[in-house]
Amino acid sequence: MRKMFNVKAIAKTLWISIVVIVIVVAAVGVYIYTSQPAKPERLIKIAWTEGPEFDFIADHLDEFEDETGITVEFLTIPRAHIVERLMLEMLSPTPSIDGSIVYVLEEPTLAATGGLVNLYDYKPKSQWISEGFYESQLNILEINGELYYVPSLWNGALLLFYRTDLFADATLKAAFKAKYGYDLAVPSTPEKLLDAAQFFSKKEYNGKQDYIGIHLQLTTTEMGSGAYTIYPPLAAYYGGGIYNATTGQILCNSTGSVEALEYLIDLKNCAQDSCLEDGTFEAERAVMAGNVSGTELAMADQWSYMYPMLPDATKPWNISMRPFPQGPDMLGIAILKNSPKKDYVWEFVRWTSSAEIVKGTTLATPKAACRSDVADDPEVSSNYWVDKILDSYGRVMPITPVIKDARSTEIYEKMMLRLGEAFTGSKTAKQALDALYEDIATIVQY
Amino acid sequence: MRIFYGWHLKKEAMFGILLVMPAFIILAIVYLFPLVYDIDLSLSRWNLAPPSPKEFIGLKNYVDQFSDETFQKVLYNSLFFTGVSVPCEFFLGLALALLLNKNIRGKSVIITILALPMMIAPVIAALTWRWIYDSNFGILDFFLNQFFGIRPLWLSDPNIAMYSVIIADVWITAPFMMLILYAGLQMIPTERYEAAKVDGASSWQMFRYVTLPSLKGVLIVALMVRTNDALTKLFDVVYVITEGGPAYATEVLPTYAYKVGLKFFRLGAGAAISIITLLIAAMMIVAILRASRGR
Amino acid sequence: MIRTKKFINETLLYLAVGVALFSVLFPLYWMFSTSIKPPLKIFSIPPRLLIEEFTLENYQRLFEVMPFLQNFLNSAIITSGALALGLSLGSMAAYGLSRYQFSGSRYFLSFIVISRMITYVAFVIPIFLLETNLNLIDTHLGVILAHSIFVLPFIIWLMKSFFDEIPKAYEEAALVDGCSRFRAMFVAMRLALPGLGTAAILTFLDSWNEFMFALVITRTSASQTVPYALVLQLTRPYQVPWGVITAGSFLFTLPIFALGYFIQKYVAKSFVLGR
């Protein structure tokens, strides 16, 4: 048997080594702290995130710095934490950021604190519109007549993706005509979309094989806002809604809303099994490309940025206008009222919403432009996706605004909960929406 | 002894107080003050979205929470989690400790390895498990699909998600139980076993009448600590693996208190949930103590 | 007969131990192997079980994609600070509680014991409000103070048990010899060194691995610790960089692997002796 260690000696060495480590670390820390360069005076800190648009701005940042002498430091904050972070900043008398990206869904909550600057104070609405910004988009973002950001960084649209080979196949077209009585074409209304999805997903209809009728994202992840952008607009399309913050009316269990949910459940039954799962970007891409065995998609309700990322080799896809309205997915920079450097941040906002920069961010990945002069620019308008996106995003199909109430985060969370119950069958559509009515009634009393 | 007489006694106390003072000051700031503030907060209504001034409302927060369907679900989740994971840890830990109590080669290395999960940051262990549970690229899904043809959705199925969290947490904490019980087993003098053998006891009887009673003290303490931790400290693992989802299937009291307080900004309600958690943990610990005395 | 039975028993024993070892080691192996796989291979379907090719690319990306060195340093500074604060103030207080009776000592002790029962989430809002007003948000000191919530009570409780075990004879002898009370205290400290070692190791673990207070108090890389920084990677848009996450996890856990032997020895001891 080996001799037992001398506990005392070990403890002593540990003790000494800890002291040594502490001293060394402290010394290194002091060195790093003191060797940092002095902060430039005109420095603004902006909460930021990732993506091709943001890379574009980062790449051109030195132009901004040369023009205005303002240095910008970016702090990456994940989307899921935006509300927590920003609320805490607004509570603090010495905020550590001066401006931040804000998403349309979280905007009402943040704005209700009164901690964001109204951009109309710097530039009145008429001037924004005369410069070419789409009024429909500005209206979506306005809360009580105040504008907190413009969607210069991201204006994502959902589009209908469809398999060109399947829609051109003669056998399938004949079978479809026989079953439904009209020609198979790319769906332009919700009813036609459901018909096509059901047709493709059942071998007994199309005679060939089971496809996944439509790929849906029904969960809330950073991948896709899921049911946020799918259900409320559908409910509005059918004459219902969720909650009207101005009138205080709760609409979620009206006839139209129930009809919309029942439609969505039918559509979901043609969707992939994992539609209620948290998807990953890689998985989405693999499924769309047909790289996952045994799951061929016929259609997909997918984000505009996904299209250029599909490797064309495996399956041929094309995009079309989304056959029903969508909610906005807008991202821009807002200014914090508590910050002493508001004016500098305004310069940054002005620069990022200028035509030149908006053109760059619009072209970075397919999205809706926020300025008409950019949309009309030949370099932009020559792209195949511009019209289809603008049609889906206000031109033909309206954009359904988000709930403009400070408690919207909670309301949407409850909505996801109830929708989940309806999707999994533990409640009927009517029961789920009645429960949601009660939930919202409780929440708005807080 | 004689030194500690008379006015020296007062000086004694003074010195003692002096020693304790620095720690006490810090604890007063970071521990007592928040606790008192929390109680005050739980009796008030203070929201930030939309902003409302802080006003006293008595026990209304508590009443509201208990009658709220979501809170009831969260409470059930916490109790369910505790009720399943603590016995799992306990039995696994006991089994391992008993195994290790035998003569095994390389024992100290084995113990060190088996103790690893509890030394790793819970967040990192949770990240590892999340990666294992991934529905598309996770190794668990692949393995189960290949050999059993089943593909449970570990992270997105509301019926399974809680078990995913339980498995990860048991993986992290069973070693703790194992170490405690092993140390306890080591302390049992071998004479007791020999006496029992002389009396003709079978190994099961030895276990029941020698091992278990000797372990009782350590066992009760470990049980109390783990029950308390399962109720009040389960934050990191849930936050990383499921963030309380899907649909509140894995939302437990600590994560819910955080959500209500710092995501929905209903500070009064969040504080009330924390206090309720504290009270429930206290009740369970008292119950365990009572039960152990009774035996 | 007995020999075969013994053989079977032994085989079963080693089998059981083998299963236990596998359950512990496989997730760790998976984490490590993911960190050395080339990024594209990480997302392959089906996942590759064995290490076919390895690369240090993820470790390189780790330093490009997040300020890992800064985060690691922050973790180290915060943990050292918590250790220094906790060990010094805590053991002093423990000595005071153990050796000296004064009014309120019992209340103090019960408060210490209760502190374990409180969910840390309860402290989050008051601590945040407190530190915001003291301008300690996003500073190392801010996180160190937050860590004192669990570090100080634990050290006091543990060291008090240790001090209780040490006979007062040594200190009394020292006092008789004319030492000041402080000197006498150091005599006791030296005797309680194993306890300090245990306390140091366990505190190190708790502070190094801590996540929630880091989540709430830190804002930027000025004070963000590695656990929080790694979780931040989970919420990246487009693609979760699992290669980077596992690489960072591995590097962060290295010190713990190194101390592994001591840790497991002291944890058990502290629990059993501390009763």
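Every chain is named by a letter (A, B and C) in the order it is written, and numbering of its residues begins at 1.
To be clear about the criterion, a residue touches a chain if its C-beta (ideal position, glycine included) is under 8 Å from a C-beta of that chain, and two chains touch if they have at least 3 such contacts.
If you're wondering where the values come from, they're calculated on a predicted model, not measured in any experiment.
Interchain contacts join each chain to each other chain, per the touch definition above. Summarising the inter-chain contacts, the pair of chains with the most C-beta pairs in contact is B-C.
Centres computed as Cα averages put subunit B at a distance of 15 Å from subunit C. Inter-chain spacing, taken between the CA centroids of subunit A and subunit C, is 37 Å.
Among the residues of subunit A, those in touch with two or more other chains are 80, 88, 91, 280, 282, 286, 292.
Across the assembly, subunit B contributes residues 136-137, 262 that each touch 2 or more other chains.
Across the assembly, subunit C contributes 43, 45, 129, 216, 234 as residues in contact with two or more other chains. Only residues 80, 83-84, 87-88, 91, 109, 112-114, 219, 274, 276-278, 280, 282-283, 286, 292, 406-407, 409-410, 416-417, 420-421, 424, 442, 446 of subunit A touch subunit B when the two sit together in their complex. Those residues of subunit C that touch subunit A in the complex are listed here as 43, 45, 73, 76-77, 80, 83-84, 128-129, 132-133, 135, 137-138, 140, 193-194, 196-197, 200-201, 204, 216, 219-220, 232, 234-240, 262. In the complex of the two chains, the subunit C residues touching subunit B come out as 13-14, 16-17, 20-21, 23-25, 27-28, 30-31, 34, 42-47, 49, 85, 89-90, 92-93, 95-97, 99-103, 105, 108, 111, 115-127, 129-130, 145-146, 148-149, 152-153, 156, 172, 175-176, 181, 185, 205, 208-209, 211-212, 216, 227, 230-231, 234, 242, 245-246, 249, 252-253, 256-257, 260-261, 263-264, 267-269, 271-272, 275.
Interface residues of subunit B facing subunit C in the complex, by the touch rule stated above, are 1, 3, 12-13, 15-20, 22-24, 26-27, 29-35, 37-38, 41, 95-96, 99-100, 102, 104, 108, 110-125, 127-132, 136-139, 142, 146, 171, 175-176, 179-180, 182-184, 187, 217-218, 221-222, 225, 228, 231-233, 235-236, 239-240, 253-255, 257-258, 261-262, 267, 270-271, 274-275, 277-278, 281-282, 285.
For subunit A in complex with subunit C, the touching residues are 7-8, 10-12, 14-15, 18, 21-22, 25-26, 28-29, 32, 49-51, 75-76, 78-81, 85, 88, 91-94, 96-97, 222, 280-282, 286, 291-292.
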